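This report concerns only the one structure given below.
Just so it is clear, A, B, C and D label the chains in written order, and each chain counts residues from 1 on its own.
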Amino acid sequence: MSNSIGTVFRVTSVGESHGKCVGAVVDGCPAGLKLDMDALAKEMARRRPGASSVTTSRGEDDAVEVLSGVHEGHATGAPILMLTWNRDADSSKYDAIRDRPRPGHADYTTRARYRGFNDHRGGGRASGRITAGFVMAGAVAKQVLATIGVEVHAYTRAIGGVEAPEPSGDWVKAAEASMVRCPDPVASEAMIRAVEEAKKQGDSVGGEVACVATRLPAGVGQPVFDTIEGDVAKALFAVPAVKAVEFGAGRRLAAMRGSEANDPYEMRDGRVQVSSNNAGGVLGGLTTGAPMTLRATFKPTPSIAKSQRTVDLAAGTDSEISVEGRHDPCIVPRAVPVVEAMVAIVLADHALRRGTIPQVLGEKK
Amino acid sequence: MSNSIGTVFRVTSVGESHGKCVGAVVDGCPAGLKLDMDALAKEMARRRPGASSVTTSRGEDDAVEVLSGVHEGHATGAPILMLTWNRDADSSKYDAIRDRPRPGHADYTTRARYRGFNDHRGGGRASGRITAGFVMAGAVAKQVLATIGVEVHAYTRAIGGVEAPEPSGDWVKAAEASMVRCPDPVASEAMIRAVEEAKKQGDSVGGEVACVATRLPAGVGQPVFDTIEGDVAKALFAVPAVKAVEFGAGRRLAAMRGSEANDPYEMRDGRVQVSSNNAGGVLGGLTTGAPMTLRATFKPTPSIAKSQRTVDLAAGTDSEISVEGRHDPCIVPRAVPVVEAMVAIVLADHALRRGTIPQVLGEKK
Amino acid sequence: MSNSIGTVFRVTSVGESHGKCVGAVVDGCPAGLKLDMDALAKEMARRRPGASSVTTSRGEDDAVEVLSGVHEGHATGAPILMLTWNRDADSSKYDAIRDRPRPGHADYTTRARYRGFNDHRGGGRASGRITAGFVMAGAVAKQVLATIGVEVHAYTRAIGGVEAPEPSGDWVKAAEASMVRCPDPVASEAMIRAVEEAKKQGDSVGGEVACVATRLPAGVGQPVFDTIEGDVAKALFAVPAVKAVEFGAGRRLAAMRGSEANDPYEMRDGRVQVSSNNAGGVLGGLTTGAPMTLRATFKPTPSIAKSQRTVDLAAGTDSEISVEGRHDPCIVPRAVPVVEAMVAIVLADHALRRGTIPQVLGEKK
Amino acid sequence: MSNSIGTVFRVTSVGESHGKCVGAVVDGCPAGLKLDMDALAKEMARRRPGASSVTTSRGEDDAVEVLSGVHEGHATGAPILMLTWNRDADSSKYDAIRDRPRPGHADYTTRARYRGFNDHRGGGRASGRITAGFVMAGAVAKQVLATIGVEVHAYTRAIGGVEAPEPSGDWVKAAEASMVRCPDPVASEAMIRAVEEAKKQGDSVGGEVACVATRLPAGVGQPVFDTIEGDVAKALFAVPAVKAVEFGAGRRLAAMRGSEANDPYEMRDGRVQVSSNNAGGVLGGLTTGAPMTLRATFKPTPSIAKSQRTVDLAAGTDSEISVEGRHDPCIVPRAVPVVEAMVAIVLADHALRRGTIPQVLGEKK
């Protein structure tokens, strides 16, 4: 059950980096949802490798096949199985890592967990390739949320020490236009340079993705354990390389006063609204009606060409490794749609749990 | 089910701030665990209000009654129901908040969620008082973890802008000796001043708790969704006022290079170890065998005497509120044992899920 | 988690036969439900021991204390903790069974499961006393179901080989008037004689409870695993002594033809109805809109005064046991409200899952 | 989540009768299990349609593709996705049932549940075809159970009113040799005649499957809700047409005395054993160490050529229907491996939950 997430809208992840396929089963999608396959393909394209100089050169078309749960264009209420076939996996480079675990990767921990039976090729289940299945499920979740007007958008807030200013205007479009998905053109350029510099040196860089979900009504969520924040954070930590998650003003709240941190209420446009949003749209695990805002920190891609110290598990000695293969010198740009997917999955689940979105959308003629 | 957490070691939270009691049901505690009631009482005392000038004056003895699941001193394998009775609840101050939601609190969101049927007194289920039940369950979890030598300790890393240096030596003892649970005496003094200053001004301050779990074997955890990080984060976001969670080097990883962030492996003392711990002891959602390290950011206590802008929900107009009652000007010191409790609960659950700790401890004569 | 059942309306069972209390936590009760404590007490009275010559003489008032989740008479949406204190437990007779397991009881299997750490007194968690907590939760579930007009009623269909005819007229009232809860006066008398005869001989008898749930709308339930039948059956097998569960025509369907077994549809009173009900109101795991009908077989009470062969686990030899203590010579009459409770719990859960009953009932003024 | 079952060994069902495929995801299969694909194919063959005159003529090869979770012949601990492609679906006959629900089928209830968006072709998710996925998962479960010697075997005990005597000798082999999977040759012949007679008359017959699981150690299972009986019953009611489930002496216990029903313990072959098995190997929801025995009643196949009364949902009038298409006049023989699969799935889950089977089998060289 550890490969499933959600209660009403429940996503099960399947597949391995170098196995036959990666995909997802979505159980609990509202019957009657008209599935927009173009929108799904577009989300996959945003995550797809090989799109630019800052990403891996692995070539996958990432075409999605829907194998169940959809009939005559609509979700039926049955589990939706979606797969994409792995076509360009190159497993030749991975024999080395069986005994010499790559630092920063899950090679050693997975081997300890499964005593060597795990599929180690390309990192197996711990590979970023798994997130292709997350994006499929997230694309469905986005379409579910769209039925009540909720939108989820993310962007690159930081890469390699370069931080973008708070975005404004039509930043969603600006972010998509940037090779690193940063809406600020100046920061975007600096980020690209940081990635290319690291790549040149056989190294990698980390960064941060910011995400906003808009038009959520107030009162979505479940106390006390299944909070919006807790469930979103749990979903985000399933994305390889995420090491920190914060909501609203996040870590900056540690140094604030209550009088500064509390978001005052006011009547605006005839309804209760907050005049600031340090809470990031969530109080007591429940939505306030303000945009939900969060940030996720991504560590640098662990795969680097530079030589690193490791051990030889077979020999029981110290050793070295230089990670070959095709890797992203920075995972952050491709992680942007993945963060959106995880947030959408959790919000769709909570909106369905709460009854904010019904389990059947309309009636079939 | 939103008031339960865990799979094998499953904790259900019960009670309200101003109801008859708060407590927890622990289902899945290993049969045969010799329950140390003194240790449990000690954990409760660490969280207890009224202990110093930096905490609320609400007086509760927080004595715990074990009502089921323990026989002749040992856990039986049946659900353990633990309660403490609320004795010093003063509900007289809470009529005001029914219509005028306190900024930063869950008054407004809970009302939206439950259309006014929630117990609003003292914040009801959204009150920090709920964490008394978390600490009970956490105390049991700690005793479960102790059977394999795992210890969980936390301390105050920051309050009101004052940050403590990385602790060393016997910091666990030093932290407990500090009124604010900060092991560094200089920072500790500065933190106390920051709290008292804020209190004097009718205000409050936030801060940060750091936590370390030691002696976890490698390979505990579950990919891909039930990661150690995801489950710990989810548990921590159930603690009122937590707004950010980070593991290992956390947010600082965003600006690092891979060659710097990756923790090299080496053979040391005859076994595989990491020579740094930026990962915070977790890779791919699984433990590395290094200490698990994390930080949680607490926002300033939302209850402040200072007047704040809010709305009058009955009148539909803007309004003001000054939060009366007895409140902590800073929740961080009392949150230290709560963070430990949440971490212990999740680790006990994962150790049991993984079979690292058996479901029955020994055999009864 | 094995002591919890349900998804949205989730019941956790606590307590032991000879511990301090037995009870239940109900998580997910719709906020706003006006809790009728008299109705709850009445359900408890129906299950209470000591009421007649055909039941045990253990005297318990079974008064229920609601310790959380209810405020100003309404459910708040928070977990409802309900307990009754054990007052008349007599543990003096149970030392014998530690080493000599009683045939038909769970003494041996529980000891194997928990290696002796289980609370063996009075059967501990495996005792029928546990069902007091089921009835509390069931009483709440019945009140939830009443908001959409659904009623759940059961009666004794067979005891000790005596079978009652299909009931008609106001059988609910007639069943309650019978000492054995059988609506047919002739069968009722014969059943009482069968119980008294067995009791006289130091023996016990089994029987069968039939149950009907009326006014369920069509389409409640979840395919493919969380069927109404599957979830009801699972709940019923938690009741000690249940060994068979059948729906509608049940076992008799094995010998039928399809043309006889299929329930034809017809338009009646302006809506689709079935003209027979061999399916017991469920097809494909979903309700048809016809009454849900089922039967549960109860084995004879395992506790009998007659000497039985057993083993001495300490000595590793064959032995004998005569079960002392106060026991029901027939559990069936007291099981009637328990069966209702289990069915109500499952139906309330499914009605909430399906959205047939909303999560908040009305709005608080 | 309603399409998943199990906790540690968790099976998710996917696919529709006339969609692209049917299959299952198994999450939690122990890493290191050497997957025997021949054994899996053999189980599929036992369930396959078109094998004899008493089954449907739909021709499917039911070849299983394993798309994830297996590497170099062993389970990796990751989710195992198994599919078989639907090749011989004939949807031409199903337009009629959109508005005229077939009596005894789930057409009407599913339409009510999903307001017409369900895939109605061939019964969609409510079709017996879904059980192909159950058998895949069950085949894996059987291999998991085999690691501790547990075997699960079923046979046809009754068809169309013909009942087989209690089997003896090598009944497993005898059952497989029979066209209706009944080990008794005389009963077998009578059953075949009953099926053929019904078929000739455009009708169908029901029956009963008995199942035995051997070599389970004592103490497997979980009180109080996740009992072996409850979980097995729940799994069985997911099989279309099952309407009753009984364990051990089952319904016959209703008329027994306690002195007769209780299974005495005795020391035999140096260990505690029961000298009868009316409990069917389960007491208090836990295994006794005796064989687990159960029976499941199957109603007659609802699809019959005979004209039946139904309604026209579009017109709102009474109507008639004669079910065309290829159907089994008796589902029982093909249900035998399905019952085994469900029992194996539940027992594997419980053995893993209990730690009786470890989560990793051995260590990879």
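General observations
In the analysis below, contacts are C-beta pairs under 8 Å (C-beta built on N, C-alpha and C of every residue); 3 or more make two chains touch, one makes a residue touch a chain.
Being a predicted model, the structure only gives us computed values, none of them experimental.
With every chain reduced to the mean of its CA atoms, the largest distance from chain C is reached by A. A straight line joining the Cα centres of chain C and chain D is 27 Å long.
Each chain gets a centre from the mean of its Cα atoms; for chain B and chain D, those two points are 46 Å apart.
Centres computed as Cα averages put chain B at a distance of 38 Å from chain C.
Counting partner chains per residue, chain D shows two or more touched chains at residues 1-4, 7, 13, 78, 113, 125, 223, 354. Chain contact topology: the protein chains form a complete graph, every chain touching every other one.
Across the complex, chain A meets chain B through its residues 1-5, 7, 13, 101, 103-106, 108-113, 125-126, 130, 158, 160-161, 198, 203-208, 217-227, 229-231, 233-238, 240, 242-251, 253-267, 272, 274-275, 278-280, 282-289, 297-304, 306, 308-311, 313, 316-318, 354. Within the complex formed with chain B, the residues of chain D that make contact are 7, 78, 223, 354-355, 358-359. The touching residues of chain C, when paired with chain B in their complex, are 1-4, 6-8, 10, 12-16, 19-21, 23, 25, 27-28, 31-32, 67-69, 71, 74-79, 81, 83, 113-119, 121, 124-125, 360, 362-365.
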